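Got a structure for you, written out below as structure tokens; questions coming shortly.
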Amino acid sequence: MVNVSFRKVKKQYENGFTAVNELNLEINEGEFLVLLGPSGCGKSTTLRMLAGLEDVTSGEISIGNAKVNDLPPGARGIGMVFQSYALYPHMSISDNLSFGLRMMKGEDRKSDDEISKLINETATMLGLSDELEKKPKQLSGGQRQRVALGRALIKRPRVLLMDEPLSNLDAELRQQMRIEIRRLHDELKMTTVYVTHDQIEAMTIADRIAVLNEGELQQHGPPMEVYKNPANSFIEGFLCAHLNEIVDTANSLFGGEEE
Amino acid sequence: MKRVFVITILSFLFLLPIGHASEIIGIEADGDVGYRQVGLIWTTDSPTEEGTLFEIWVSNASIVDTANATKHSEVRVGNVSGIIQPDIGEWYDDCLFDSGEGDWTPVHRDLDGTAVVSVGAIGVNCTLTGLPSGIEIYLAVKSTTPNGESFLSSSISSSSTMSDEEIIVIETSPYVFAIGSIALSVLILLFVLRWMDYRDGRTTSRFAHLYIAPAILALSVLTFYPVLYGIWLSFTNADQSHLGDQSFIGIDNFITVISTSGFFRVTGFTLIWSVVNVAAHIGFGLLLAMALNSDDLKGKTAYRTALLLPWAIPSYISVLVWRGLYEPAGALNDFLGTNMNLLADANGARIVVILVNIWLGIPFMMMSISGALQALPKDMYEAAEVDGINKFSRFRYLTLPNLKSALVPLSLLGFIWTFNMFNVIYLMTDGGPNLDFDGPGSTDILITYVYDVAFRDGAYGVAAAWSVVIFVMLVVFSWTYMKKTNATEAVT
Amino acid sequence: MISAKSVASEPPDDLASKWYVPAEVDSLRNLYPIVVAINFVSLCIFVLRGDSDSIFSSSMQMIVSVVILMLLSKLDQGQRFIRDGVISISGLALLLSVLQFLSGPQILIDFWMMLWTSLPAVLVIYSVSKPIVTLWASGNQTVRSAELGLSRNRSVSRFHGMVFRHVALLHAVAFVLLPILWIVDVALSPGNSLGGEFFETVTFEHFSHILSSESFWIWTRNSVIVSIGTTILGLALAIPAGYAFSRFKFRGRDYAMFSFLLVQMFPGVIILVPYFLVMKALGLLNTSLGLILAYSVTALPLCVWMLKGFFDTVPKELEEAALVDGCNQNQVFWRIILPLSLPAVAVTALFSFLAAWNEFLLALTFNTSEEMYTLPVGLASLISSTGQAWGDFAAASLLVSLPVVILFIVFQRFLIEGLSAGGVKG
């Protein structure tokens, strides 16, 4: 269990565009933090910097008490779920899950028995036991999503990163997976950073949400607190007004019948 | 090359102490002996000595020295005991010699196929083959004694008058009849199909059959008909003298093909040639495609354009240019600081033709693989990075397996093309060195040998049989290859 | 179920030191196998030269490179001793390489070989003796210095990767350009000499000779007639067929399309002999018409597939709109589809033109009289049993290939796309 911290983190691209500006954020051990914001607000860039897939222009990112700015992604002890799942198309599900473990070298390398035990554990946990020999193409969207999650979890990462993991699923599956992800987090208690643009998703899944806009952190805190005490007009428009509108719509649809 | 070298050294050692060059006193040429052939007779002033070498030089201008001429062949004077003496008609360049007693006997042939006449011969009569017909050519003979004295005869001009049109006139009507009936039946077929569409009430495609009719007609008459005709030819005795009146002879031609001396050698070399070439094309193509596959590479367009040149330049030109580079006086020796005559040595020539074809084929594979590389999902590599997979393993376990679906058809296509790559071999070596009579040369591949059988020997039936054999080989190979690669795909 | 215990929880302070390997060392480890391979190539060249001294020194060189490679793979934190060893042995390699160069003939290739032996050695000495690598190798680095090292590794290894790419591509370009430069040199040199210094004396005598020779113009005329004839006939056959395959469902469509694919699979050789005999019987040998017929049919399947691919991209709604407006099917084709796909038709035309312009085998077989030679056969006849007119050949080659190469390069994107549409799918 580790904490994650961003200190004055800045990301500027070569063309001068600043994606993330002076981000200061602490994520506690075992916390489920959601980065929320409209598209292009820098939330995915923040996550990718934490993963090591993007360079940090300035500032410091640490996991635990080690600065990780320049560590290769594989050295950071993270697991990541991609929006497009990014499964290895030519490998079976069991190979997809275990590829990272099998490719390890040196003292960290687990024995084949341990690996197959881990595969089975993970598959059982995610309900994939019957699909292990299939290829990703043969699975449904929801199942692929589970495989992506399993691949991130099988290494027992210190931090779990999720980049809009549910956006490619239909509404019903999304609901179901949201509950499942939260359940897994409560079970494994690993520090989790979750990126989404969906306000409802953020409100229902997070311990704490951090709202970004145009590369700046607007506000962070437990969901209801942010909702009740919006720090500025952006939050009010993006989060509060949006949620209120949904509630109003629901009321106007169903309110009449109940009365 | 080594063997030639050793032989030269040995002959020098043996023959150092002897005599003067025989002067050539009479030289005559006759252009009427056969298709693309010229008869050449020369006599010497004195009986020739052991070790004398006659070189026959050919040029399109009068020969005053050999710098502007090409060597056609050689005749050696030496010990003839124990080496073969083929009858007239059994070898290229039939040669007879006059041993001094006024009788003409066929020359002997040593292991390289060089003509050998016995010591004391005073005249040689050769039928030179492979000369262009219809133009004036100049011939001269140069004699060299073992101690290096040489004498060049005056040059004599002649032209090979026989061109193949004059040999036989074929009856045209059966061909016209065959083509006509094929065309007619295709038209009727299209008409019937059109009528059936009409009956079924498909009106939107009213003109479809009309639109495809010209292409289908052309294809049937100019491709399918010749293919079928070729298959039929392979069972007949068609040759230069039997055309139009050829008759069915069963599988004799196929027996001739299988029993050709060197059948397995030429097939083997064709396989080596194709496999090595395709492997190199794909290997280097992949390497270059990956080197080019970077967004922030400076000068990418310039590199790509330069690397495309071997594809853009007409292949016959590239091949001839490479041949010039490999000539003993060519730039390659200058460049490497060596002194080789690769084209004169069987294995050297094999390596050379393969190298040239590798040069020709890389750009196509590079571009095709480039396209396939760009289609690979990028996020897959990011996932692997998070998984801690190093660069080499990413290539080995992600890039290669995912390229497989592109590489399998590409390699098959490349194999078929290379298998039938006529230009490189024909223009670089023409199958040589060491052209045996009645068999493929050292660098012949199947297709160049078929060309020789058909258009040098005029054995059309046998050539057609070779073509059928090649086609069957390709079909069997392609089928097994597809099956094998699909099978492994299902397993992984 | 996974218990919380199995999750890693050790203090991760030393991560940086654990993962840090200077990018220089990594790059040298990747470089040295290539150096050894090039040492081997040099050794082969010396063997071909038969120069026994150089063979010996080159073998030594190779052994030294292998030793450096092995030491580099052993180099690690706290291995100060190996670091010193690598540097001194690289010094030896440098010395050997310079000595070898000085004792050789010092032509261009020797210079190249020297670069490939001395430059890596210099790089080893320079980068392994850098303070940051020394610190790493002696095992005295702090977490802070490892972190710094990691942060510079990114840019350093990116830079090294780029240099690697450029070196590899430059070698490939040199290999491609070697024969091209040489033929330019031959074309511009007097006489028919094949060797000698590049661009020693420049003369245009071969160009003027070839341009004033009658046969060159005859070949060009034949080639132009055949290529243009092929293009026109090929398009006339391919455009309607491509359109029909793209737009209509009709009886026999699948069989017809399959037959076009099948023809592409046939190796040309199987038709060569019967083709020749049919042409002979019809009296089409030594005519332009014979070649035009043969070429337009051999290029036909690919052209049809290319055009079908292009027609497929023209939206069907356009056609339907025209039909609603009262055009009939023929008018739709001539007035809507054809003008829209003119660029595609142009590319297909270029493709069949180039194919006919460059074809050698059929031209060689069918048109044997010199009057009817096309450029490929004519040019090849300059280098044949009766003459070695390398200078004229070189000049003519440049004249013939230059326009073709320019066309190819300008339209490369379209040609390659078209070819992959027709070739690889089929």
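To keep things simple, chains are lettered A, B and C as they appear, and every chain counts its residues starting from 1.
We adopt the following convention: a contact is a pair of C-beta atoms (placed from the backbone, for glycine too) under 8 Å apart; a residue touches a chain by one contact, two chains touch by 3 or more.
Please read all numbers here as calculations on a predicted model, not as lab measurements.
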Top of the farthest list for chain A, CA-centroid basis, is B
A student comparing B-C to A-B should find more C-beta pairs in contact for B-C
In whole angstrom, the CA-centroid distance of chain A from chain C equals 44
Per the C-alpha means, the centres of chain B and chain C lie apart by a whole-Å value of 23
Cα centre of chain A to Cα centre of chain B, whole Å, reads 63
Listed in rising order, chain A residues that touch 2 or more other chains are 72, 75
Chain B touches at least 2 other chains through residues none
Residues of chain C that touch at least two other chains are none
As the complex stands, chain A meets chain B at residues 51-53, 72-75, 78-80, 82, 84, 86-91, 99-100, 103-104, 151, 155
Listed in rising order, chain A residues that touch chain C in their complex are 1-2, 55, 63-72, 75-77, 121, 125, 153, 156, 158, 187-190
Contacts from chain B onto chain C in the complex sit at residues 58-61, 68, 70, 72, 130-135, 137, 163-165, 170-172, 174-176, 179, 189-190, 193-194, 196-197, 202, 204-212, 214-216, 218-219, 222-227, 229-230, 233, 238, 243-244, 284, 287-288, 291-292, 294, 296-298, 303, 305-318, 320-325, 327, 329-331, 333-340, 359, 367-368, 371, 409-410, 413, 416, 419-420, 422-423, 426-427, 446-447, 450-451, 454-455, 460, 463-464, 467-468, 470-471, 474, 478
Within their complex, chain C touches chain B through residues 45, 48-49, 104-105, 107-110, 162, 165-166, 168-169, 172-173, 175-180, 182-183, 185-186, 192-196, 236-238, 240-241, 243-245, 248-253, 256, 259-260, 263, 265-278, 280-283, 285-286, 293-294, 296-298, 300-301, 304, 329-330, 357-358, 360-361, 365, 368-370, 376, 379-381, 383-388, 390, 393-394, 397, 400-401, 404-405, 408-409, 412, 416, 420, 423-424
Per the touch rule, the chain B residues reaching chain A in their complex are 377, 379-380, 382-390, 393, 397-398, 401-402, 404, 492
